[in-house]
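In what follows, a structure is listed as structure tokens, so that the remarks can point back to it.
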Amino acid sequence: MRPSVRLLNLEVPSIHGARSLYVCSVCRHEARPRPIVARQFLRNASSANSLTEKVRRKIWGTDNPPGLKDPYGGEGVIERKFKNKHAQTVVEEETPEASQALDTAASEDAAPAADDYEPATTWEGLDRVGHLGRWFDIAPAATEVYESFQVKKKITKQGLLSLAAHQTVVELCLMHKLGKPLTSICEVVEHDQSVFKLIWKTKIVPASNGQWTAALEYPDKEAEEALVYIFEQVGGQNVAPEIEEVTQDVDVEDARSDTTDIVDMDGSKQPFFGYQRTRDNGFLSLSLDDPATKFAFLKRFSQLTGHFFPDPAVHSITTVQQVVDYVQNLAKPKPKKLAEYLANNPRYQSMPNVKVFAKRQKRSDRDEELGRKKLIEAELRARGLIE
Amino acid sequence: MTVQGIRTVTSARNGVGAFILQCKRLDFHYCDWAGSSRGMVSFLKHHLPSFAKANPQIEIRVSPRPHKHPVIKGHYVNGREKAICVRNLEPEQIFNKANLLKAASGEKLKRTKKPIASLNESVRGIWDPYHGGFKSV
Amino acid sequence: MKRLQPQRWSSSVLSPQVRAGCRLQRRIQHGLRYQTTTTPFPVTEAEAKQPIQDLVPPPKKRSSRSAISKHSLPSPPVKAARESAKLAALHARLYLPARLPLETLARTLVDESADPNPDFNNESLATLGHDLLTQYTSEYLICTYPRLPMTVIFAAMYAYVGPKTLSAMVKEWGVELAVAPGGEVDPGHLQFKRLDPGVNPNQPLKNPNRPYENEATWRRSISSKIVYDDVFGEPVRASVDPRQQVQSADRYAAGVTPEQACSQFVRAVLGAIYLHAGRPAAKRFFEQHFISRHLNISDLFNFREPARDLSRLCARENFEPPYAKILSETGRLSRHPVFVVGIFSGKDKLGEGSGSSLLEARSRAAVASLKGWYLYSPLNVRLPNSMEEEGAAPWKPVHVDLGEVIV
């Protein structure tokens, strides 16, 4: 900024008076002959009788026009600095007023006219926003816990997927039969093991008209009563503890026959209590033409398996079989590299004259093929160039 | 020893007995990532099995060549190589290029002036003035 | 003479190949090799006392051999043949019969210098192939040109199935030569141990069976070459007594030339075809790849004194003695005279030639008439090997002439 100050000095020789500073001839030449108007704009931006002030007075028709005195935002940095040197007294008078005006405006916004208002001197007792300490040590409140709608781990095994589909179908059939809202089954995240076993034993016999209500085939009368009783309470409250007694005897009867299908009995952490496959595949041919049924099925199925169904897939699905197929195809990773694709392609495996390499073939590969590599390596090793 | 035998080597007449295809190896290079290899990848997926089945006497090698344009390289019996860059070509065009390499002899292209090249002597013989109708000089 | 039965010798080729890992087993294998023939040859005295059953290596050893790394093997493992695209392409390029498996084709590509184990190299196949090749070629030459001199037959044999031709064929078949043999090498390459640089590959061979072998300056007659030398009229390597064949590993310790390895390979291919696909396939292969090659036999003659030979020939064949006549001439006194001379026997013109002098023209005419005699070829030649086929017509003896005149 020094040179411009120096130039400014030259511009106002009458104020400054000193011309002792050296300025090169070119700069002096350019600095000197300024047009008068320009000099006025520059010089008199804040002075009372500047050109802009005169124009404003003329426009408003009074000697005291409203608005800011200086519409251009006051003096520039250079001028202020320059002015400080010469007219300090004038500046000192103006500044306190401006600062006071600012303070009053701020205080009016913050505390509207409180008589007992006491400005705080320390931070103690003030409201806090956020955690100043170690916020993660604080236990979460009950409302803060997030439980996902779907299961945390996606189910990919084929047997488990068909188990989930079977369970969904049985539940929806029961809900159809009981005439309850279909999606309310999603409130029951997981059944009791005995209830699940009843569901697992229930067979699906798809009716010819595609109705879901008449598709169930229960193992016996007690199981039907139990299931109906349980599902009548879905939507209202959870499964009553009395029901389990009813189902217990069913358990005992069939416990021996079931052990073969149950791989691991401590299935509290395993999905579907360790069951691995369904008893029959009749549910696969049920149709999902009814949009409400389809929506309820997909919602419950995605809750049980953790898979999400995008809209195009939902649109194209018409049977339960397609749902299971879709999820199974998702689980298979596609071969990305062409070499993997060709290696898995049976058409290529029958070609004796085709060789597919997964990696780029370098000169060393050719050396190895011709038997030259071992000679090169032996020679390099003999000279101590490789280990 | 009245007559001596001169040792020579018989010269091959390819196609008189067996026909040896002069193209002995075709290398197909592609890139998994680049878009210029799209046609090549599709060719390798769908057309190459039929091509390889039709030409069992050609050794076909498929290997990736990352960050490069796709190339078909033909190796010939005479030791020469011919390479064709097939960037951005459709599978059908690549098939034509592969056929071109397969049918080539491996020699440099040259203009053939005579329709027939033969190892045998001319049946008619070389003309000379001493045979045929004698004319008194 | 007892009829040869090469099919019976082939058990070492057609039997499952077992890689003998240790040196002792390899020696036992050497001994076993002769059990397929009439008498088993014990290799050492200790082995001679062993019963034969003990010599048989336990077959279950094979499964444990799979752990051996490729680099420790002298030649590619047998199962690598199925994975080699080069080998399959070669099989198709040569139009080999489908009954010839790729494993055998891979074996033909392993020279004895690369793998001394006779179960894995092509030596036995090449021996069979060489015999077949020379038999078929010599039958073809003698029956097609019954009057050829013996030296020209040697030269023609060399031209058809000599090592130079065979190595040229290998090149034309598109077979690549491996730099060094080893288990990691692609089995589609021809594998052999190369001679070190600076070794003279053409060291003169000495046949101890031949009398006066050490007299280097003595003339070797054609008849002695027929008896003692090989089909090309070259001294053969001494036939090895099987008792000393244990040293066959050392026989090629110095390596072989590419020419030798290539010719062994081609012979082995023919032998393999013969064993796997039978005689007709072998003959077809021979006709397609060997006889179809071009050779102008009239270029193989080199006469020293054609005029004298011709007069001896006419005397032998009871023709009238030949005489030369000028047929035409031009520029006798100029710088470039041309004489055309014909040789007549009685009223028959035997040949004619032109030259810039009378003597030159006469000798050219004598050469032409001699070639006209020697290159006689009957029509509708039937080769003796056609009698090997089933239901062949009765054999009518072919005409084979006396050969060259003896001066």
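Each chain gets a letter, A, B and C, in the order it is written, and its residues are counted from 1.
One rule holds for everything that comes next: a contact is a pair of C-beta atoms (placed from the backbone, for glycine too) under 8 Å apart; a residue touches a chain by one contact, two chains touch by 3 or more.
Since this is a predicted model, take the numbers as computed values, not measurements.
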Maximum centroid distance from chain B, chain identifier (CA atoms): A
Chain nearest the overall Cα centroid: B
Highest-count interface - the chain pair sharing the most C-beta contacts: B-C
For chain B paired with chain C, centre-to-centre distance based on mean C-alpha positions, whole Å: 30
Centre distance in Å when chain A and chain C are each reduced to the mean of their C-alpha atoms: 80
Distance between the centres, which are taken as Cα means, of chain B and chain A, whole angstrom: 60
Overlap residues in chain A, where contacts from two or more other chains coincide: 352-355
Multi-chain contact sites of chain B, meaning residues that touch two or more partners: 56-61
Contacts with 2+ other chains: residues of chain C: 85, 88-89, 92
Of all residues in chain B, those that touch chain C in their complex: 1-14, 16-18, 20-21, 24-25, 56-61, 77, 119-121, 128-131, 134, 137
Residue numbers on chain A that touch chain C, as the complex places them: 352-355, 368-375
Of all residues in chain B, those that touch chain A in their complex: 30, 32, 41, 44-45, 48-49, 52-53, 55-66
Of all residues in chain C, those that touch chain A in their complex: 71, 82-85, 88-89, 92, 102, 176, 178-182, 184-186, 189, 191
Parts of chain C lying in touch with chain B, wherever the complex brings them together: 85-86, 88-89, 92-95, 149, 151-156, 158-160, 162, 164-165, 168-169, 171-174, 188, 222, 287-296, 299-305, 309, 327-328, 330, 338, 340, 354, 370, 374, 404-407
